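Consider the two complexes below, in which subunit A is the common component and subunit B and subunit C are the respective partners.
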Partner chain A sequence: MAIADVKEYAHLTEEEVAELGRELDQIRVEIEESRGDADAAYINRLITVQRTLAAAGRVTLFASRWKPAFFAGAGLLAVAKILENMEIGHNVMHGQWDWMNDPEIHSSNWEWDTAQPAEQWKHSHNYIHHQFTNVLGYDNDIGYGILRMAREQKWHPANLGQPVYNALLATLFQWGVALHDLDIEAIRKREKDPKVMKKQLRQIWRKVRRQVGKDYVFFPALTGPAFVQTAAANALANLTRNLWSYMIIFCGHFPDGALHFTEEEIEDETRSEWYLRQVLGAANFTGGPLLHIMSGNLGYQIEHHLFPDLPSNRYGQISERVRPLCEKYGIPYTTGPLHRQYGQALRTILKLSLPNRFTTSDRRDGPHSPEIPRGRRADDERPVRRTETGGWTSRATA
Partner chain B sequence: MIDMPAGGLGHFLGKLPFASRGDLGLDRRKVTQCALSRICGVCGESLSRPVAFLGSTEEAGRNAFHFPPTHLACAELAVATWGSDHGVLGQGHPPASWALVTTSGFEYVRPEAEWVDRRAVFEPNSVIEERALTP
Partner chain C sequence: MGATEMVRETARKVGAGFTTPLLPDDYLSLLNPLWTARELRGRVEKVIPETEDAATLVIRPGWGWRYDHRPGQYVGIGVQVRGKFHWRSYSVSSPPKRSGRTIAITVRAMPEGFLSSHLVSGLQPGTIVRLALPNGDFVLPEPPPAKLLFLVGGSGITPVMAILRTLDRRGTLPDVVLAYSSPTPERMIFGAELRELATRHPTLHLHEQHTDTHGMLAMADLDRVCPDWRQRETWACGPAPMLDAIEEHWHDAGLTERLHLERFNPVLGGETAEGGTITFINSGKTCQADGATTVLEAGEQAGVGMPYGCRMGICHTCTLTLVQGTVRDLRNGNEFSGPNEPVQTCVTAAAGDCTLDI
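== the complex of A and B ==
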């Protein structure tokens, strides 16, 4: 089944798909040609604001034995960590700001304020997730290897515990992300290259030591008698960041409108078809400018997946052109308020804790496929490439 | 050297570059991985700044390279090691003179259906230096 057979695209001719691709290319070119000083000023200003907030938080925590200072310091630090992870780190590591030729703000050397080493994030997120977006058996972001998020994923009695696993994942999100690229399923099946695993574990250990040392030893020690309160405030800031980033990320691909795909072939997917898969596999949420900045502009998840290396401050502007294009070509553009998008993702988590026979699908329906084995498939496990283009099939999930 | 990969260069001498294999010497999956994971097409380790692109003078003229980004040191070593070989560095026939472009950033352009050469290309977007290299 080719992408042209997917219900949402079936009305499009090959020429129309190619034309849509050209129109999206044109948007890309215009943004590339117009990016400049104003964009650079945006990211530099944001980094200054973020560092000021972090410094203010750290300084406030010198008085953390006084309750208002405890909560003020933790709050300032939480906002700083959210900004650093979501709008700065994630986007810098995509290479969105490499064009500035800034020695510090560059995808090759940015190390973010969370437990996962940047190098592993650039593999698990930039490559695996963005290349195999919502492809079952490839994209480990579908449930993070812990949750069953698609009806095609085989049910196991352990899935009954999903509500609990979900709460744990949200609470401990940075640690879950830290282990994400290890591919626990591959380790469990003894399919992981021991050399790679050892290298990754060493990187994770170094990063964890640094993060724990910073938040729970160095900065608390600086505050002397307020050591315990400062460490607790830092833990609260990390927890707040965990819960926020978990919610934003789960709104990107699990609301009802976002489809999952099964791979038949990938090598010959054209740029236009790749664009189509990104639009159908992602979901936006609506909100004001502050919400978009605090969420790393991932409220424009569709635009981010179409153009992951264009500056995030332009996604709002891009969305004003992408949405009419989707309407013009009759392609679904999934969006809604944050609470509704997260509510749908949460409902999927709860429903799929049960076997399929106890629940019905809430998402746009597609043909049912055989169950997909658990875990991420390695590069050499992919099917032999075919010469014809278009091999993506959409699948209903929850 | 500042852009030397963490594991040094010696460990891949005598082997093929990380992104090589497949048609015209390039493994498409690894090319995509290099582009998105920001890793070197020669040694497979994280890139550093500036990023280097290696290709023919025609590719440099079009600002569209087929071989993925590399470390500067890896690009120089690759030309010295494989610069006269067929099909290793994304070229059907080795060029008489290689072009080496250093840049801070690049665009990764996926192939479109009408392209005769269905390989992705890389477009440096903030060129720092361009020079010729001979094997």
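== the complex of A and C ==
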């Protein structure tokens, strides 16, 4: 089930949608104008804390033959990696901190502590996911080409294995992300430009070699007799980060309230309609400040999708204005506790491992639309990029 | 590259295996903010008031700094104000030193310049600033000419001060005439030091022009202030109208080669390019730009969120990738062609149609 026209679905007139767009633009302007010392201090402090935790974890692991130090070191490192990937890396690469004019905290040259090269992430995430959010056939994040997450996606007997693939994806999340922009299916069908493929593989290989070298060769070797324990603790830290980021990310668009759209929606889509699609296609989760920092403020997924390049420390404050706005226009605003949101995502994964006729839909997106063809769209079949989703360069794709 | 520098580079490379995707600098700077060469940094050690609206900043540069600046050159300084880095260039007023390991720049607060006011009155000792390596060709040749003339207005004294201090320290001050314009005696930066220098060196002739009481130094007065100006190599630094008048006067006398100018707001070399259509691929925007408009200005006018820093070709904040086409550096006429050529958008203009990656 998917929506072909967001206006019609939300029962709003063209003028009302345009007015909503203006109100959201106004929020953007106000936040942009109020960015200042406190925001800069926030990201600098966070980076300091994150690097201190990482260093503390590495040092603690010199004693990793002693069980408590093993777990303490792995824990410190896991927290550092989670902060780096989620609240720092993901957000910096969206360009949330580019306004500071600081080349050390800038989307154009940030590289993050995970297997995927930043250039490829910025293409697959900033452009493909953020611009085409939840549009069937356009947003490759609907199941990541591994899971069937929409009833419109054609069932295949291989989908019966979804519970297993899901567990593997959660465990090996960073490797799944690393290969995401490659488009394995296109490679299998021999549709991928071999030049681009070679370039991307080279980027991935270079990055993976450094990442693996650090966690499984250099630091273990440095701790000498604790080689095995240090390597194991590093693996545990990476695994923890994988499971955590997998769960947070699956709560962004897979709970029942986050709706899907057909390609009719993005034909001549206005900026205001784009805003509306972002609200309808994303799901928040509730929690305290610590939970929000540890999840890169993606508990404010709706606000993040409306304003991908505004500083994440402001999303909480933005949500206090977006939510009443949604109530005013009668637009659903999906949110709930983390366990419920993830529970819904998991239920969909399990249900959709079966053909549609065995299950009922939990979503209320609209009439059933025809099945969409498998495979991805190439960049030249897509509309041009919106600047606010964050940059990417042709280094990743051409 | 010196031996210590080579050792440091090797250590950095080895260390990066541990700190990837970061550099060892990113962790060491947690211990001491100056222990990083990723972006050049300095700590403000002292803020010395010179006049009521000018101050000298003594800065201790961090790792990666090279102390080989030539007297008269300027450095870029980047200061974070309301969370955002702003860049300006200022002449180094201290002579080059092997020891001591600080540099001094002297700044006058301009009425319209919020950054210069911030530097003069808002900067606390201990502040960490960003730096760009010394640059500029407002320097004396080696050995210095036998007869020199300096025409200076206001804070234009700073590069000349570095030159004079160096000549004084070496004890080789040649025949120098310094004509220094300033509104009042009180507003003369380095006034006392210059007068003291002039009493110690009989070969230094200081002419003070207090423009509030005596008016501007007219070019017609030059024959009185410095009768043999035609025989002297001349260096001039000050406000743009003053420099324009000097430039014209020297041109009319057919002595352009003997004149060296330092402009605060550099007219970018006078080079132009052919202009053309600039395409910004990621934003899908295009615009027509003439050959005197920089790529940065063209992009800003087209509504592209262009990164920028010093806007004078120093800090590289504005660097973008040229995908296709050619741009020309307006300072020196150098051309850069895509694909994948990093170009400084603030000092380059389109030489034909070109495409940028933003």
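Here is the rule we go by: the second predicted complex is superposed on the first by the 364 of 398 C-alpha atoms of A that agree within 3 Å, B and C clash if a C-alpha of one lies under 4 Å from a C-alpha of the other, contacts with A are read in each partner's own complex, and residues count from 1 in each chain.
The working rule: a contact is a pair of C-beta atoms (placed from the backbone, for glycine too) under 8 Å apart; a residue touches a chain by one contact, two chains touch by 3 or more.
Small disclaimer: the values here were computed from a predicted structure and weren't measured.
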Could you tell me if A:E119 is touching subunit B, subunit C, both of them or neither one (first, second, both, neither)?
first
Using the touch definition from the top, say if A:F218 reaches subunit B (first), subunit C (second), both or neither.
second
In the overlaid three-chain picture, which partner chain does A:S272 touch, first (subunit B) or second (subunit C), both, or neither?
first
Please indicate which partner A:A55 is in contact with in the superposed arrangement: first for subunit B, second for subunit C, both, or neither.
second
Counting only touches as set out at the top, which of subunit B and subunit C does A:Q301 meet: first, second, both, neither?
neither
Examine A:N101 and indicate which partner it touches, taking first as subunit B and second as subunit C; both and neither are also allowed.
both
Just to be sure I read the superposition right, which of the two partners does A:A40 touch: subunit B = first, subunit C = second, or both, or neither?
second
In the overlay, answer first, second, both or neither for which of subunit B and subunit C A:Q174 touches.
neither
What part of subunit A is shared between its subunit B contacts and its subunit C contacts?
98-103, 106, 108
Give the list of subunit B residues in touch with subunit A in this complex.
28-29, 32-33, 36-39, 46-49, 51, 104-114, 118, 125-126, 128
In the complex, subunit A residues that touch subunit B:
14, 18, 21, 32, 93, 95, 97-103, 106-109, 119, 122-123, 126-127, 130-131, 267-268, 270-272, 274, 309, 379, 382, 389
The answer for subunit C against subunit A in the complex is residues 17-22, 26-27, 30, 38-39, 78, 80, 82-86, 281-284, 304-305, 307-309, 316-317, 321, 323, 340, 357-358
Complex interface listing, subunit A residues touching subunit C:
35-41, 48, 51-52, 55, 98-104, 106, 108, 111-113, 207, 210-211, 213-214, 218-219, 222, 384-385, 387, 391-395
